[in-house]
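Each of the next two complexes has chain A plus one other chain: chain B in the first, chain C in the second.
Presenting the complex of A and B:
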């Protein structure tokens, strides 16, 4: 498979009054062409920070301190801001968690989509080509009556409709990569499936790669081909969804999968003991070792490097040295 | 106040078709409320004018006036009638747009207002233009360059603006720009040797444009700029501070991140996405600032010898010219209410969520 995006050793920190939060501690993974990749982990594990770092949308007091994000041969972290704006306009799109917050409340949704087209293709926002593209994408995302839809303001839409608008805005430029940061977490369960179906259908039609960030393993199992498991700013395991669910290697992945409730079974739900570490003073070595049942001496001393244990299956754990 | 609004809302809702009227409904509601406010102002003004232990007749005729002249004047001014009767008469007068006769100028107060108000209006409009444009610009620049040089400058500038009294800033600027540097003309609306344009609106700038009298326009503008700045400074400062705060808040919002993720450049992100949202709180302040402009006009006009309503009222105070004071105050309350009504309507244009 051909690589589209290679993230290597990405480190992002946040300067706070309590100290430096080491949010990403050397994250590495690849996204292939026509990939449908899930990125999973608990709240605060750095999923969103990873996506924002790829887009270079980390704001002060955050800072990307190390690593590379190679997209089609160019390191995005080395581009000028103007060049990066072009990448955001044309090549990588992003969809956010709360669709109604992510849309500007004082602008018509049609205008907001048209703005994406006009920025990407350098056309005037009111031109006919732009308008036609807006209508076309609105039909593609399943919104009826595009002519009246473009006149609406975000507060007139339901959450699901607003997320469809966001998807339209992200895909109208036919990007090479779509990053969806928890696209369904704020939506009704019944709408979640529709939205994910829609994303999957549209990206495969366009040949776009997708990176879906979620904390929901069900979403990954249902829709993704590959998955990256993150824990406390590190990648724990990467692999094919089927492999990971059948034979998880990393103790954290194993714990996560066991913690998913299965309908019809009774008894106490399995949990991972302990809590997510404070990233101002993270545990030394492997950040998971205080919660790990199989921890070795080395685990508290050295950060395990990520290794390929079988083709396409990577794990960062000293147990597999 | 809120209860009154609620009652009015209910009344309008009960009217046939009342629920569908939207903006019109809103304006009617505000107009009714405005009448209530003005009635309140009228009561307060009337009470204050009558409880102050000072005798306008004494001020008018001097301490040694013979008692029969005093009685004659009392009768002429209606001060011999009982208080309640005078209150009813005053209200009846107000409804007929008759605010009595000024004791100082011997003209009907309404006529004096018509003569003096345009000067104040011109000053207030210019001051608003200065404070709105400068304030929004400073506030935005300050928020975008948070904790950098521009921000520090803007914050110091704002603090000075809210804390320096108008009469002091006025004198200081007169001293520097008129007396020392001679860059700007001194007091008054026009130089003595400039022919004023024919009065159409009473606003010198507009009248001279209508007449094509560019000498008067230019001279009038030069005269206007310093008092308008002095008057608008306090407003500039509050607008800058509010805009800065609301801009900082908007820049943190998700939709700003969306705009950046779309690949827009920084200028467009700020102008198109953040500023429009940030202006919503600013508009409130603009309405309130307009009130302080009218209030500040009293001082500014005195310092700059500006023949406006503020100075008319001040001069009225000095000789206890009650009809002028009451009429002028009531008129200013009316203008202030109208300004805030306009602000409320502006909201609906800025924020589609208000149009529901």
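Presenting the complex of A and C:
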């Protein structure tokens, strides 16, 4: 498969009054062309920071201190702000958890979508071409009656409709990659199913790759083809969804999958002992070692590199050295 | 009413309407019918799960049963006593037997009280135990939920989400209640922490012979925890039955939609592929007839006019749908 985006050794930190939070501790993974990739992990594992770092949306007191984000041959971390703006406008789109907070409350939704088109295509915002594209994408995201929809303000929309508008804004420029950060966590379950189906359908029609950030293993199991499992600022395991659920290798992945009840689970649920570490003072070596039942001496000393154990299946664990 | 020893909680035609006030005199012109004519029973020692989307009234039912909210109409019978007809003092006495654990352990614990005072407060209110006795019981209860004595002298902010939820559970069980409403107790927690809280709740249920009303929207958790399941839509129970009936033989179209919509964390799990239509209507103006008809693939004219009542499908399995036999 052809690579679209390669994240290598990405390190992002946040300066806080408590000290430096080492949020990303050398994250590496690839997104392929036409990929539908899930990035999953618990609170504070760095999944959102990863997506914001790719988009270079990390603001003070945060800082990307190392690594590269190569997108179609260019390292995004080395681009000028102006060049990066163009990437955000046309090539990588992002949608967020709270659609109503992401939309501008005082502008009509039609204008907000038109703005995205006109910036990306360098067309005047009032031109007929822009308007046509806006109508076309509104129909594509399943919003009937585009003529009246463009006149609405965000407060007139339900959460599901607002997220459809965000998807319209994200996909109207036909980007090469769509990053969705918990796109359905604020929505009801029936609406969540509609939105995830919609994203999947549209990106496959357009040949766009998608990266879905989520904490919900159900969303990964049902919608994603590949998955990146993150723990405390590191990638633990990468692979095909079915492989990861059937034959997880990393002790954390194993624990995570057994901790979630599925239909038909009987008896006691297995748990992972201990708690997620504080990233101001993360454990040395493998950050999972204090909670791991299989930890070796080396685990507390050296961070395990991520390696390919089978084609397409990567794991960062000393047990597989 | 006949005394039934198996039943701990019985609700009869329960209604809870919230006024929507508008205009300069703030007169209530409209009502949100959060719970509209709901009846069911919870047997001793069972876990009844209440599932549905946000706004369907599941949280309101939980609070109305405990009389944290006054019902608009209908009855709540707890331990053979009608809560709607008793005095305040009697209600206070009965409250010892019923407790609640809320969804968000970051907001349900007093931030400026020590854990020993949070967990000991129910004893202070309901008993005349000495402070030494209260401390002894707090310690014992904290051990029951997997916390230690040293945790008594800390504030809530010093704990993780899972530990805070343990504190909330400790507060709920310290009076040795018979019945606990669990209102999405693990929705704010990470999955590895959720597993531990679910295990704890099952352990306590056994040890203390508890009865649970488990409010949630996570079907895998329902399957793991519940004996029976009630599915709600816009203030109504649309289907109720034993867990296996609801999961293996769902009779209501909404139950099927809901089961299809909720993602199951198992890529090998085969399920029906139905994509839900439309959005949940505004509960101020619910659709006439069957409230689900606007989103239902099987709706006929009758569904738009006549409200379906719960009908018996099977032993303990009831559904409110005109067409359940055909579909």
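Please note the rule applied: the second predicted complex is superposed on the first by the 316 of 321 C-alpha atoms of A that agree within 3 Å, B and C clash if a C-alpha of one lies under 4 Å from a C-alpha of the other, contacts with A are read in each partner's own complex, and residues count from 1 in each chain.
Keep this in mind: contacts are C-beta pairs under 8 Å (C-beta built on N, C-alpha and C of every residue); 3 or more make two chains touch, one makes a residue touch a chain.
Quantities reported herein were computed from a predicted structural model and do not represent experimental measurements.
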| item | value |
| --- | --- |
| Contacts of A:80 with chain B and chain C, given as first, second, both or neither | neither |
| Chain B versus chain C as contact partner of A:257, first or second or both or neither | second |
| Superposed model, chain A: greater residue contact from chain B or chain C | C |
| Touching partner for A:103 - first (chain B), second (chain C), both, neither | first |
| Contacts of A:216 with chain B and chain C, given as first, second, both or neither | second |
| Contacts of A:270 with chain B and chain C, given as first, second, both or neither | second |
| On chain A, the residue positions that both chain B and chain C contact, one per complex | none |
| List of chain A residues in touch with chain B within their complex | 55, 57, 81-82, 85-90, 93-94, 96, 98, 101-107, 115-116, 119-120, 153, 155, 166, 169 |
| Contact set on chain A toward chain C in their complex | 42-43, 158, 160-161, 188-194, 196-197, 215-223, 241-242, 245-246, 255-257, 259-265, 268-272, 275-276 |
| Chain A contact footprint on chain B (complex, rising order) | 253-255, 257-266, 272-273, 276-277, 350-353 |
| List of chain C residues in touch with chain A within their complex | 53-55, 160, 162, 190-196, 198-199, 202, 217, 219-221, 223-224, 247, 257-258, 260-269, 275-276, 279-280 |
